[in-house]
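Input: structures, listed below.
The two complexes that follow have chain A in common; it is paired with chain B in the first and with chain C in the second.
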Partner chain A sequence: MDLRYLLKRLVSFVVTILVSATLMFILTRLTPNDPIQALLGRMAATGSNIEGGAELVAMYRERFGLDQPILVQYLSYMSNLILRGDFGYSLAYFPAPVLPVIAGAIPWTLGLFLVSTIFAFVAGNLLGALATWPSTPRPLRYVIYALAPVSAIPYYILALLLLYLLAVIFPVFPIGGARTAGGDQSLGLANILDIVHHAVLPGLSIVLALLGFWVLSMRGAMALVKGESYLMYARARGLRDRRIFMRYAVRNASLPQVTALALDLGKVVSGQVLVEIIFSYPGVGYVLYNALRTADYFVIQGVVMFVIISVALATLILDLVYPLLDPRISYRDGQA
Partner chain B sequence: MIGNLAFRVWRALTYSVPLTIGCLLLAAVVIPSVLSPLFYDLGLARIASSGLNLPPSWEHPLGTQSEGRDVLALILAGTPATLIIGLIGGGIGVLVGTFLGMVSGYFGGRLDTAIRNTVDVGMTIPPFAILIMIAASFKVVTLPLMGAAVAISAWMYPTRVIRSQVLSIRTRGYVRMAKLSGIGDLRIIFGELLPNLIPLITAGAVNAIAVSILASIGLEVLGLGGQNLTLGTTIYFAIYYASMWRGLWWWWLPPVLVLVAIFLGLFLVSTALDEVANPKLRRASS
Partner chain C sequence: MSAAQLHAATAVAPQAGDVLSIENLRVSYGSRFNAVPAVRNATFSVARDEVFGLVGESGSGKSTLSMAILRLLPAQAHCEADRMRLGDTDLMAAGPAALRQLRWTRLSYIPQGSMGVLNPVMRVREQFLDTIADHTQGAQRREIEGRIETVLAGVNLRPAVLDQFPHELSGGMKQRVCIALAILLEPELIIADEPTSALDVVSQRQVLETLSSARRRIGASMIMIGHDMALQAQLADRIGIMFAGRFVEIGPTRAIFEAPRHPYTQRLIGAIPSIRRRQDIGELARRGLEHADGATASAHPDLPLREVSAGHFAAIEL
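Moving on to the complex of A and B:
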């Protein structure tokens, strides 16, 4: 791999993290009123729990040394956050630090995210390609295009509708959680099936919301590939239709889709946060929801930083994998 | 040019079924909620103005919820509020995006590099994450404040699209001719570039409105909507009071359906406008 390309991506990853950490610092410091006081006030207005509010404010002031010059505050904040991964203390679970509270939720979020994103990406791109392929039967095409408007509906709206339909009216799936409460924690087959059973509805909300997006963008990508001479050549050689479709058309058309995936990650993660809340799925989104309800300021900040860092990391990984998929890119320097 | 555009829009109206359906969906949501003060008592949206948890009846067509608010009044008052947030957020997003995109594309150089890199870094930071921090930092979240905040998620895409379009227009004959004849940059921007960008800006605006509404509802579902009566806060309280498990479908389902209509309407309109603004797309799909 081109060293300059690698370096460029690494630099932009670090810049993204630094910029967002700085943004968080500015937001907590320069807003017109004390963010913790504000949050407490508003949470009280929406009827949420605000236990231990006074200690929270006192600790906040002490911890950030608000009497020190702003530059000193900034540097100590950045070194705590970036070098030590110190996000402060959770107030709901005091004196537990923020990191373990979030870390316990990460496997659930990551699992749900990876499975549904990859499934939606593969299925959406295949369906999108099929919709443009001449030998696809017409009815199938209409079904595929009917998926497109579904992607306009937000994740949490789809989640509410699916929940009502498939867990309340027809109780096929559980109404929430990630596993049956009180079950044993061993890794037996029954347990795995239980976890899958609980993940179907949250996963389906994400997949349905994403499918149409991939169908539409793959349609655009296929339109560009369809005119290429290598397809004509493959046909002239008498290759089977399926082979031309998979090896020649889809493979080439899906390359720009990987870039689109990188651009879309943030949206998916934000959407998943809300889906987790609706299904009480014990991931990072649910941690955030509880933190907002209890005005657990540092946990909120920690979850937000976690989302930013993981999206930046995933983008970096995709950017580094991309030249392996498309060898042309490493010869291009400058903008890729 | 304007005549040509009007003709193209008219033709799109008559032959684009999605656009027509999208406009109808939006009209079905907007018109009743705008005219509602004439035929419905919106005071019923106040706490304890009605009985608790009443199912739909003649008196309360969509029933009431657990705080004693009439659900129909909540919807009729909440829809305009949600749309206003969308218009403010989308409006700011498109204005900022158009300005930055034009400056970046037209002047190029260091300014362009700076704007392009800002957008690139900005696009990797999920706007929703930043919005949570912003919304959590204000004591009172008014409608305009919410609109201005969600604009953060709506300016980057227009900036990109406008910039790349300006890059291509800038090299065309009539712009070069205008430059050679010594016309000032401002007049070129407003006289030559802007008129050509109008279809693209319109399509971008519809998209930006949808993005803004999406972000605001997301924040409200998290409980960060403050005291505003919007569709999002209605859903938040419906979830908070577990309306779904208690069989109070008339509470959570109506705001959900109105939002589905709004998002489908905006999606259909923006897809159709995209095709008007971008004739290449039309050819690719046929």
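Moving on to the complex of A and C:
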């Protein structure tokens, strides 16, 4: 792999993260309300005891470095963030730091996200391609097209529909959570099945919401590829239909789809936040929801940072993989 | 039908042992109600081991005719024929599976212009291998795979091109890859649609000579579409001349050159020194039409082919 291309991509990845971390710093300083005051205010409202409130505020301010000049604050914020992955403390679970709160949720989110996004991408593109292929049986083509409009339904409606249908009316799947409460934490088969069982509905709502998009956009990509001379020439060479389909048509039509996937990741992540909330799935989205409810500023910051980093990372990976898929894009001039 | 037409019809009619025989092939593009004819009542045949040169101005239907024989016309094309046979196989009646099998093992094709005919995401080697894999097995497959580099050397390509992607090759190199692919499985008939249009004049001649010697070695017949009348004179056994979708003259190369009968052919032959580039043929036709001296093809659009001497047919009044 060309070193300069790699370097360029890495630099733009790092810059994205530094810039968003800085923006986050500025935004939080711009908000008129002080998180600690707000916390104390809430404690007062709920009737908690706040003896020596003023001292407490001062102590917190010192602890969070809020009494320092803004530049010092910025530098320590950045160095804590970048060097130690330190997002500060959760206000709701004080003195628990933010990182473990988020870190515990990441595996759930990442697992659900990766499996459902990849499944939707592969299945959607394959179905979309099949729908346009002349030798596909007619009934299958109709089924595929009937499936496509499902993507017009927003994530949360779809999730609610599935929840109502398959967890309430026909209680085939649990209504929420990621595993049966009180179960053991071992990685036995029963436990894995339990986790999968819990992930089906949230996963399905993400997959169904994405599938139609991939089906329809793949249809467009295939229409372009079908006019290409290499397809005619493959036919002229008497290649087998399945080979022409997979290696000539789908292979080429999937190139713009990979680009679309990179552009779409942000949308998928935000959609997943809603799905996690609806299914009380203990992922990052659910953590965000709880943090919003309790005005847990530092956790909100951490989650937003996590989302930015993961989208940037996924884009970086796709950028690095893309030249392997399309030999015409050289690593050197592949600056998109 | 007049006696003369009847005579013509029987004489152009196929002989036993023809590799390809076509009667009244008609192709039009567009919808049923708005059909634009591209090939009108083409009748001709190609004998075993014969090179049939096909000449005609741009848009006269040469490529359409090739694609009709390959049964690869686009969906908006409508194709009919009283007869179209490759050896003893009825091409009009053959189903998709039969067509797939005879394509390339019995009938191969060199596309006009090689831009975009190779799969951009596959190395050249893979495109050779999948062509072989889908038509052969066992010992035969290994034998042909072992021959790839020899065939490439035959068109002056180094084995290194096998490990390259199509975009890394020049237009001429791609065209030579296509020629190598076309002779690889030693078919009965090769349809070469301007196989050297992307090459300079020097390599054009040289590659065509390679193609034609490879053809001779495997004993294939060939339909060679081209505009270079000097090259056609050198390589073709017979020549067919198309104008506005129909044959205006078909005959042995020698007869066509020594005694061209149709006015359009006469112009082609008369202008040999200047017909090197493909534009020239169209230019010639236009000049012919502008002169409108009563002897142009357009003045006699619907004359049937008549035999003017042994095996030599022209669409003229006798």
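Keep in mind that, in the parts below, the second predicted complex is superposed on the first by the 289 of 336 C-alpha atoms of A that agree within 3 Å, B and C clash if a C-alpha of one lies under 4 Å from a C-alpha of the other, contacts with A are read in each partner's own complex, and residues count from 1 in each chain.
The rule we apply is simple: a residue touches a chain if its C-beta (ideal position, glycine included) is under 8 Å from a C-beta of that chain, and two chains touch if they have at least 3 such contacts.
These numbers were taken from a predicted model, which means no experiment stands behind them.
Peer 1: Tell me which of chain B and chain C touches more residues of chain A.
Peer 2: B
Peer 1: Looking at the overlay, what does A:229 touch: chain B (first), chain C (second), both, or neither?
Peer 2: Once the two structures are laid over each other on A, A:229 reaches chain C alone.
Peer 1: Quick check on the superposed pair: does A:28 touch chain B, chain C, both, or neither? Answer first, second, both or neither.
Peer 2: first
Peer 1: Tell me the contact category for A:152 with respect to chain B and chain C: first, second, both or neither.
Peer 2: After superposing on A, A:152 lies in contact with chain B but is clear of chain C.
Peer 1: State whether A:284 touches chain B only (first), chain C only (second), both chains, or neither.
Peer 2: Neither partner.
Peer 1: In the superposed arrangement, which partner chain does A:208 touch: chain B (first), chain C (second), both, or neither?
Peer 2: A:208 contacts neither chain B nor chain C.
Peer 1: Give one of first, second, both or neither to describe whether A:220 is in contact with chain B, with chain C, with both, or with none.
Peer 2: first
Peer 1: Touch check for A:274: first (chain B), second (chain C), both, or neither?
Peer 2: first
Peer 1: Going by the contact rule set out above, which residues of chain C touch chain A in the complex?
Peer 2: 70, 72, 96, 99-105, 108-109, 111, 115-122, 130-131, 134-135, 165, 167, 178, 181
Peer 1: Could you pull out which chain A residues touch chain B in their complex?
Peer 2: It is residues 12, 15-16, 19-20, 23-24, 27-28, 31-33, 35, 37-39, 41-43, 45-48, 149, 151-154, 156-157, 160-161, 163-164, 168, 175, 219-220, 223, 263, 265-267, 269-270, 273-274, 277-278, 288-289, 292-293, 297, 300-301, 304, 307-308, 311-312, 315 of chain A that touch chain B.
Peer 1: Can you check the complex and tell me which residues of chain A touch chain C?
Peer 2: 228-230, 232-241, 243, 247-248, 251-252, 255, 325-328
Peer 1: Where on chain B does chain A make contact in their complex?
Peer 2: Chain B residues touching chain A: 120-121, 123-130, 132-134, 136-141, 210, 214, 217-218, 221-224, 226-227, 235-236, 239-240, 244-245, 249, 252-253, 256, 259-260, 263-264, 266-268, 281, 284-285.
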